[in-house]
Amino acid sequence: MAQTPVLIILAGGASSRMWPIREKSLLRFGTEPLLVSQLRRYQALGFQEAVIVANPENVDDVSAMTAQIRPMTVRVVVQSEPKGMGDALLQAAPALPNRPKTAIYVNQVHDVVDEQLHTDILKAYQASPETSFVAGYEREEYFPGGYLIVSPSGRITGIVEKPGAANKPSNLVNIVAHVHSDANRLMDALRVEYARDLSSDDHYERAMDVLMKDHPFRVVPYRGQWNALKFPWHVLDIMNYYLSMIQGRHVSETAFIAPTATLVGDVYIGERAKVFPGAAVVGPAYIGADTIIGNNALVRNSMVLNHCEVGYTTEIARSYVADRCSMHACRVLDSVFSPGVNFSAGCTTANLRIDHGHVSSYIKGQKVDSGRDKLGAIIGADAFLGVDVMTMPGVKIGAGAQIGPGTHVHKDVLNRQRVYVRQELTIVDDIES
Amino acid sequence: MAQTPVLIILAGGASSRMWPIREKSLLRFGTEPLLVSQLRRYQALGFQEAVIVANPENVDDVSAMTAQIRPMTVRVVVQSEPKGMGDALLQAAPALPNRPKTAIYVNQVHDVVDEQLHTDILKAYQASPETSFVAGYEREEYFPGGYLIVSPSGRITGIVEKPGAANKPSNLVNIVAHVHSDANRLMDALRVEYARDLSSDDHYERAMDVLMKDHPFRVVPYRGQWNALKFPWHVLDIMNYYLSMIQGRHVSETAFIAPTATLVGDVYIGERAKVFPGAAVVGPAYIGADTIIGNNALVRNSMVLNHCEVGYTTEIARSYVADRCSMHACRVLDSVFSPGVNFSAGCTTANLRIDHGHVSSYIKGQKVDSGRDKLGAIIGADAFLGVDVMTMPGVKIGAGAQIGPGTHVHKDVLNRQRVYVRQELTIVDDIES
Amino acid sequence: MAQTPVLIILAGGASSRMWPIREKSLLRFGTEPLLVSQLRRYQALGFQEAVIVANPENVDDVSAMTAQIRPMTVRVVVQSEPKGMGDALLQAAPALPNRPKTAIYVNQVHDVVDEQLHTDILKAYQASPETSFVAGYEREEYFPGGYLIVSPSGRITGIVEKPGAANKPSNLVNIVAHVHSDANRLMDALRVEYARDLSSDDHYERAMDVLMKDHPFRVVPYRGQWNALKFPWHVLDIMNYYLSMIQGRHVSETAFIAPTATLVGDVYIGERAKVFPGAAVVGPAYIGADTIIGNNALVRNSMVLNHCEVGYTTEIARSYVADRCSMHACRVLDSVFSPGVNFSAGCTTANLRIDHGHVSSYIKGQKVDSGRDKLGAIIGADAFLGVDVMTMPGVKIGAGAQIGPGTHVHKDVLNRQRVYVRQELTIVDDIES
């Protein structure tokens, strides 16, 4: 049997479209960061060696996280500038084992797929170790990604980017789940492309095009789930994926569940968590360690990570709430909270347009359709929202921002901005006179 | 025994004073529209024939509704213009059975009274089938209606409209529950009045005055409840009447009541309704089919009809909520909601004046004292209220209106109007600097 | 054994710094006013005679209250103008028993201390009835009060006011818990000081200084709790003191506790109080007679006195709520409510600064640091707050004030002021066109 390919996980891409969410690799959807969770799964499938391409900002965290993975051999390299996926792979090259014809399996940390994809692609490679493989996501409706051009014999002859719905060469969308049967051959092709010094940054795709002429690339079709962290609301999709993996009831022995509290469906309750009288946790739901679900609060279809306070009559629905958030008598709906957010009494994340249309959000100045009927707010780390704040659907609030009491937030608020409203009051002395 | 009179139900009057509530006859106070509910009751009392006077707008609905009444014979006629009660009766004339001396029993669909009144008037008629009868509502304090002038022998000699408290001829107020022992005689008298072509529209009253000279009219006194649908808040009075008829606990077998939910007092729970954990329904209360009472919600002294969502921590108190309303973390107090209202999180219908005085409302431009210490909002069909909207006591909101988030509604909002408030925000960059 | 000293309770000081809280002596922390509660405790310790110094405003109430104390002999005198503590004692002089060498024990009604202090000082006096005694509150960190200067032999040689942290003569702060072994001697010394007619109002302190030269004054050290009612938020400290005295569960037999309600910890539930389904009372907590805790409400670490309505989903946390307050779907946090406050749906007392610093409040025009991380609002009697009002931390609202719906209260509101906000609305007709 052929050697299992070396895993290359691309974890160095810029996350600016994810603002105000920081660092995708560090996001936790349960007890472990996304990167660690992915690595453990690859390990369970038989991968023994991995190279992770980090960036200067996240390399320390990535190194710390991956130090704990055993017995897999994990090396971390740094891509110092965001010069594209081809460059990222070239940074990984020196960290690869010095074996002839080393096969690599290239993945992105922020693509979350079913285990089945990895299993299928691994099986295909082992049956034909001279061949390279590309996962093809079967999808009927058009998607603005790369489409595989596949010959009748099943060989991939090219990848065309965003061909338009009318010109789809197939119904197979390129997922970055690629096995290259000979890493050196790929690296050589990449170096050629970088030497050509073209302005476009699609060196990896061009190198693939060249290689496909002489070497067999075959498609491994995939019909499962594919969730990619491209925009911040995708955190909710990934969350739902992880929530769907909670089966049954897991209540930590050190947790406290009041007799009049209610747990419904598939629920995970972490260490020392407390669910107070009259509160309900409706699955699928994940409650992290040391988190308190206060009296009469409701958490449903949500993740609330560690050390959070979900105060009296707080509702969290279909939302992702990271560590150390503090909420009180408020409504967190279809929203993503980074660590340390303070959401005060009377606050609401409005989540529905009056016309019931898709909610949009601005990403780097461009209006982007989230594709969601319901979307609340995306809030950065340690933002403080005073009492009675209302955020409009799809609004984003930067890290460390402060929103004054009673403010309606209609537009994104930058990191460390303070926004407030002043009322003009009328004062009448001595009511009786 | 004399033949039971033919019932004439006046259901064609204009409802403009009821705005934004549409069509009184269609209002449901339980599983059936008011008109159907009234018809069934008359049938149970022995009435076998009825003529309903509809208007061009409601005739289709009225016909459809009454098609299901069996074995009573129901005919529907249309009054094409609102030319008064006399004209309405003349429209009914051709639909009456072709019998000599047909007696008729005239009622209005929007007068809701105890069964006792009908029983007493029927008994009086059967004891003396040559006599006509008028119900006299016994009432000590003055009421701006028509007062019966009654001779010592008990014969009615006239009806005086709004005589003033000092000039009341009796303590008997005219309710439209009139038995005329000979319909043709009445119709003839009405035709005479219409032929005179006076500007006032009290033809029916004038015809009665004329008839009283030659034919005996006697009073049937009544001391029970009388609720008339004249202004929209009267929906709450009629609701209370129907709520008082719920005796004990009726929970449909297909309903779901969570173990930690609480039902108190006389409560009706319809088919497939759900009452979630921590919620309470405090009687008298009616919960319609397919309606969901969410976690920790509270419904008391209210009707919530079918297919409603009463979301988490929503309170509905002393209110009427029609089909398909959606409410969430809000407070519906002493209010009337037409079908399809969306009442978002944080909304409140303020129901109490600071001075604790009676709440007023504007009806066709005139300020009208509702006579109620507590009155919330009257909201038309499919109105959408965004989060944190507050309505002042007695405010009315038109059908299809849209109210933006955080708006305080101090005045009536017309059908299909959009009302919103914009805040002027102060934005400070980089808090630390 | 020496005769027990005559108790003198100073209850006539001006309360202007306590605005909008009226009359400290009348404040109830349980079933009885503070003054009565203190008197009962002294009586239990063996005191048989007391003179209370009232002022013209409270003398009637004080007389009425103390009429019920038996078998203690209580006399009430009036200090007609606020001319200092020395003057107050001189008013008490004629009411003292006509015995030679009458000892007196001087206390202030608004100093709440542990029983131990009184026990210790009484024991010291009885062991040495010729000596006078001053309680010395042992305290390491500096406090801006009077410090005792004590000789090595334990004799007090003087009291220095606010010496500054660097110049503390001891770690013993003067509490007004003073035994004078001969009242006449003190009165004579006071008369001398008033005759000197100096501008400063520290006659009592000067008289003590003079007396200490010739007569022994000794310290009785005290390490227990000391809560003084100086500023209105101190009501919360005294409340906590009284709450800490509730041991275990006391539920009146006439109270109603719903099966799904929850009582936690040390809780007192008064006569005819009702705790409705889903509500929770979390101790230490005191619920007064005839008070209703509505569905799903939460009261914790609070006192709610008599005849209050704590409506559906109302939260009261760490707050003092006097008689007849009405609250509904609101949040009362770290606040003090005088009798008869109406706190409407959606109201919140914001209690936390964005910078998490100490909350300040203005007292007679001066900004005063409350020393508290969390402080809500202080609200005077019969104030009416409309729906969705938000008070900023440390704000005070005068008696009879009215706050319009949706108002953010950033500054103190005077007695009987009306404050409201008007929104400028945009109205668009006929949404579809």
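For reference, chains read A, B and C in written order, and residue numbers begin at 1 within each chain.
Following the convention adopted for this analysis, contacts are C-beta pairs under 8 Å (C-beta built on N, C-alpha and C of every residue); 3 or more make two chains touch, one makes a residue touch a chain.
Since the model is a prediction, treat every value here as computed from it, not as a measurement.
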item: Fitted rotation between subunit A and its twin subunit B in degrees, CA, nearest 5; value: 120
item: Chain copies touching (subunit A, subunit C) - same or different residues, decided at half shared; value: different
item: Separation of mean Cα positions, subunit C and subunit A [Å, integer]; value: 55
item: Residue list for subunit B, restricted to those that touch at least two other chains; value: 260, 278, 296, 313, 346, 388, 402, 406
item: Touching residues (chain side subunit B, partner subunit A) in the complex; value: 258, 260, 276-278, 295-296, 312-313, 328-329, 344-346, 384, 386-388, 402, 405-406, 423-432
item: Subunit B partner contacts - residues on subunit A that touch it in the complex; value: 260, 262, 264, 278, 280, 282, 296, 298, 313, 315, 331, 333, 346, 348, 350, 352, 354, 388, 390, 392, 400, 402, 406-408, 413-414, 416-422
